[in-house]
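One structure follows; several queries about it will come next.
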Amino acid sequence: MDSVTIDLARAWMRAAAESMDEHAEELTRLDAAIGDGDHGSNMRRGFSAVAGKLADTDFPSVGSVLTLSGRTLISTVGGASGPLYGTVLRSAGKRLTGSTASPGELLDALRDGMEAVRGLGGAQVRDKTMVDALAPALAAYSAALEDGADLGAAVGAAARAAGEGAQATVPMTARKGRASYLGERSRGHQDPGAASTALLFAALASVVGAPDVR
Amino acid sequence: MDSVTIDLARAWMRAAAESMDEHAEELTRLDAAIGDGDHGSNMRRGFSAVAGKLADTDFPSVGSVLTLSGRTLISTVGGASGPLYGTVLRSAGKRLTGSTASPGELLDALRDGMEAVRGLGGAQVRDKTMVDALAPALAAYSAALEDGADLGAAVGAAARAAGEGAQATVPMTARKGRASYLGERSRGHQDPGAASTALLFAALASVVGAPDVR
Amino acid sequence: MKKFLNSPDTVIDDALAGIAAAHPGLAVDTRQRIITRARPTRPGRVALVSGGGSGHEPLHGGFVGTGMLDAACPGEVFTSPVPDQVLAAATAVDSGAGVVLVVKNYTGDVMNFEMAAELAEEEGVRTATVLVDDDVAVRDSTFTAGRRGTGATLFVEKIAGALAEQGGDLQAVADIGRRVNAASRSFAVALTACTTPASGRPGFDLADDEIEVGIGIHGEPGRSREKLLPARDLADLTVRTVLEDLPLSSEDPAIVMLNGMGGTPLLELYLLFGEVAARLSERGVTIARSLVGNYVTSLDMAGASLTVCRADDRMLELWDAPVSTPALRWGL
Amino acid sequence: MKKFLNSPDTVIDDALAGIAAAHPGLAVDTRQRIITRARPTRPGRVALVSGGGSGHEPLHGGFVGTGMLDAACPGEVFTSPVPDQVLAAATAVDSGAGVVLVVKNYTGDVMNFEMAAELAEEEGVRTATVLVDDDVAVRDSTFTAGRRGTGATLFVEKIAGALAEQGGDLQAVADIGRRVNAASRSFAVALTACTTPASGRPGFDLADDEIEVGIGIHGEPGRSREKLLPARDLADLTVRTVLEDLPLSSEDPAIVMLNGMGGTPLLELYLLFGEVAARLSERGVTIARSLVGNYVTSLDMAGASLTVCRADDRMLELWDAPVSTPALRWGL
């Protein structure tokens, strides 16, 4: 598979919905430790609404799948993650106006998404947020493409890096979002938003058939 | 010792105050099981007020010690036990106008007290109340006197019978007071008021130097 | 036990200090332990006095004010006040027109208020007693101390208080109170036991899927222990139990209170009330007025009670009359 | 977890049904999830809209009514509402004079309300936002998301709502709201964690002699874990912490709220308030107005927060202005 189709984008969102549902309790548990214990139900509610919308919509472009998904997250999630994830997908969707997208186009789109989130939430790398999974994922994806990897291999690398990035949030002290209220006490816990970002990349990896993803 | 003096009456009330204080938690625990968990603190508060009053009052008669104690219980306890114990002691005190009282006079006085309580609260024997300690105590006291026992022996018999009477409330179904709300579920628990009545007689036994009281 | 507390022995004194600081419209006599309105009773107006064990806040102190109680006398936690206290309250607020004593039907409360009433009469204060006994969990029989007084106490105090404010005489105020009580029934469930400051531990142990059904307001176990049910089934059980004892036609305007036991958050009370309202409407009952909140509590117990009054137009009118107390306020 | 609940997924819908049944003076749109006054906004009057995650009841729905909010939009438990909801509320109550949005300072609330404000402007509804950030437990710095909005929200909603009722324009209503926020500080302690319906278990574990100090209203752990202290020492700690951040002279009239977190009974709140009042008075603070009760809660958490506003005469006057909502009512 060497390009992203509309069907693949759809399959990605569906796989994300399944994964969020499956891992909802885990995400909520992570959020309960350093936040307010709703991240799992937020993600589940949002992505299940997305899955519902996907079923009865015709999409003209790869980007329109992501844009609608983002809009749906914004109207159904609330909290910090609704606007943030909604913005990632909406911004990423804007650039992908064709019925397929090359691996490089997807990279640029996701970079737009990340920039939009950083603009909206003001988080830097190492602030212990979803950005700490997103940034390494895109870096790995980009490096893989430069090394000549195909879509599957690049997405696989991104998913692995996102997972590692999420793990790497454990010792960090949070400086954004609710966990920042805890100061030093936020250490020793994985950031829930970074964990769900890792799930999002794992879902993409699974639908592109990337090799050896968890 | 063959008659009850003013000092002895005073010593009885003081011993009762010590005993209620010592057993407050136990009484509260009994009350928590089938009532509202305040009997221990009620008895402790009331008798400690009684002890305070005794210290700075001159008493003209044996009865006046009991009457003032009863009045003090009524003004400081509240709940069911305040008026009930208050009435026992007030009524018992009325008859004992001398500076000493014979064992028989004490019996009659306590019988007055029991009658007054039954009038006030309407409890019959086997309703699982303080009457189930009071009635056997007075019966044993009376029987002992008929058998020629002295004050100490008679009071000792009364105290033993009160304790047994309190124990015997365990399998009963309550028909008066708060425990009656539980119906069958009140079985298997000792009535707290019967338990405190047993303490009251044990206190009397200890001050008359009755043989082998717990 | 974790509570905001200095010492179990000073709970009432310390709480009275807080009530005094919080409510300038009340006068708190911390020595005699009575709470009265700051302004004296208008001459010729009947006064309303209630009281009972503490631990049921806002009952009774929170209901002292225009249109409701003239005085409250709080006892120790779950222990009825002593006669001296009730007497002090009655004499403090009597304007000569007499005092209605609102008494919840518990052995201790009944005896202490009776003794107080005798003393009051001796001092020339006329009294009339309204005994509240609305709890259908207890069968009123020779095998019990009679039905307990719970949620209907608020209804009696509100409606009789309104009539007293309007100038009703001693007999009339007591009569309407008795009518309200006779027309009211309650039933309660607990999700957890409560912990008294004196005992320091919960009154009973419940597993994580168990509830007590038919509880009172003193932390005692209820009529039976059951498995936890969804809110809609608990509402059904509660509504059914109350209406079995108090048949209502759709013409009868019902005053309905869904009351929290102290540890239940308002979100859950609203949720349960939604179910209660739906069950009542299925059974053809018209909710004319309602209250949802923590009004007659049992310390920190999680649980709820339903009280229904089969009102008539006069009761409704008095219910709607102005009231201005710390815990109930409208029309003023 | 033991709660009055049908299913964790339907908590908000079910609770909204209960709110609708309990308060005929409110209009509850269960589809859009907004609570408004039953009567439309008087033309030309500025409207006040607030909202946030559910679980803080009576905040915000309980403060909808004359003299306070025009609309509330409750999100899921501890989850801010979505922009669509806020937009629906704003357009429902705008009379042309604009809408003041009262927003508690949390990342999610701020973003969702900002998006809603943009959408509202697009639809021709003018908005002004008052951001509430009163919690001194959080240092406002580049290392945090800024101070949290907690108890002062009630003060802002009451006082700004009064000015809106009196005809203040958009700028003036927002300004007084911001002034109230700037003059208010809060600090809270928890004796227990709360349990969200979705997670089903307490957010943290505390030993029987431990408390969390410096907590927010979302069940998160606080600034530090400490040993349980007597009420007087907790009051001292709380008063000291608040006044360190908000110096008050004895001339400043203080509006003081001692707020329960949902699982704390009123008896304990009064007791703690007695100590708070004593500590404030020792430090020369004059309590001009006070509130004691469960107003800004955190589900079933046992705990309390203290909020102090260094008021001025204008604020006091607006505080005293009539208000008629389910949870706050006076002068009407």
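Side notes on the structure shown:
Per-chain numbering from 1; labels A, B, C and D assigned in written order.
The rule is short, and it goes like this: contacts are C-beta pairs under 8 Å (C-beta built on N, C-alpha and C of every residue); 3 or more make two chains touch, one makes a residue touch a chain.
As the structure is a computational prediction, the values presented were derived from the model and not from experiment.
By the document's definition of touch, common neighbours of subunit B and subunit D comprise C. Once the centre of each chain is set as its mean CA position, subunit A and subunit D turn out to be 33 Å apart.
Averaging C-alpha coordinates per chain places the centre of subunit A 75 Å away from that of subunit B.
For the pair subunit C and subunit D, the distance between mean C-alpha positions equals 29 Å.
As a whole-number value, the distance joining the C-alpha centres of subunit A and subunit C reads 54 Å.
With touch defined as above, residues shared between interfaces to two or more other chains in subunit C number as follows: 77. Listed for subunit A are no residues, as none touches two or more other chains. According to the touch criterion at the top of this document, the contacting chain pairs are A-D, B-C, C-D. Residues 25, 28-29, 32-38, 40-42, 45, 74-84, 120-121, 173, 175-178, 180-183, 185 of subunit A are the ones that touch subunit D when the two sit in their complex. If you check the complex, the residues on subunit C that touch subunit B are 8, 53, 75-84, 106-108, 111-112, 115, 137-138, 142-145, 148, 196, 198-199, 201, 203-204, 216, 218-221, 223. By the touch rule above, subunit D contacts subunit C in their complex via residues 1-7, 11, 14-22, 54-55, 57-58, 62, 77, 191-192, 206, 208-209, 211, 228, 230-232, 234, 262-275, 277-278, 287, 290-292, 294, 297, 299-300, 302, 304, 324, 329-332.
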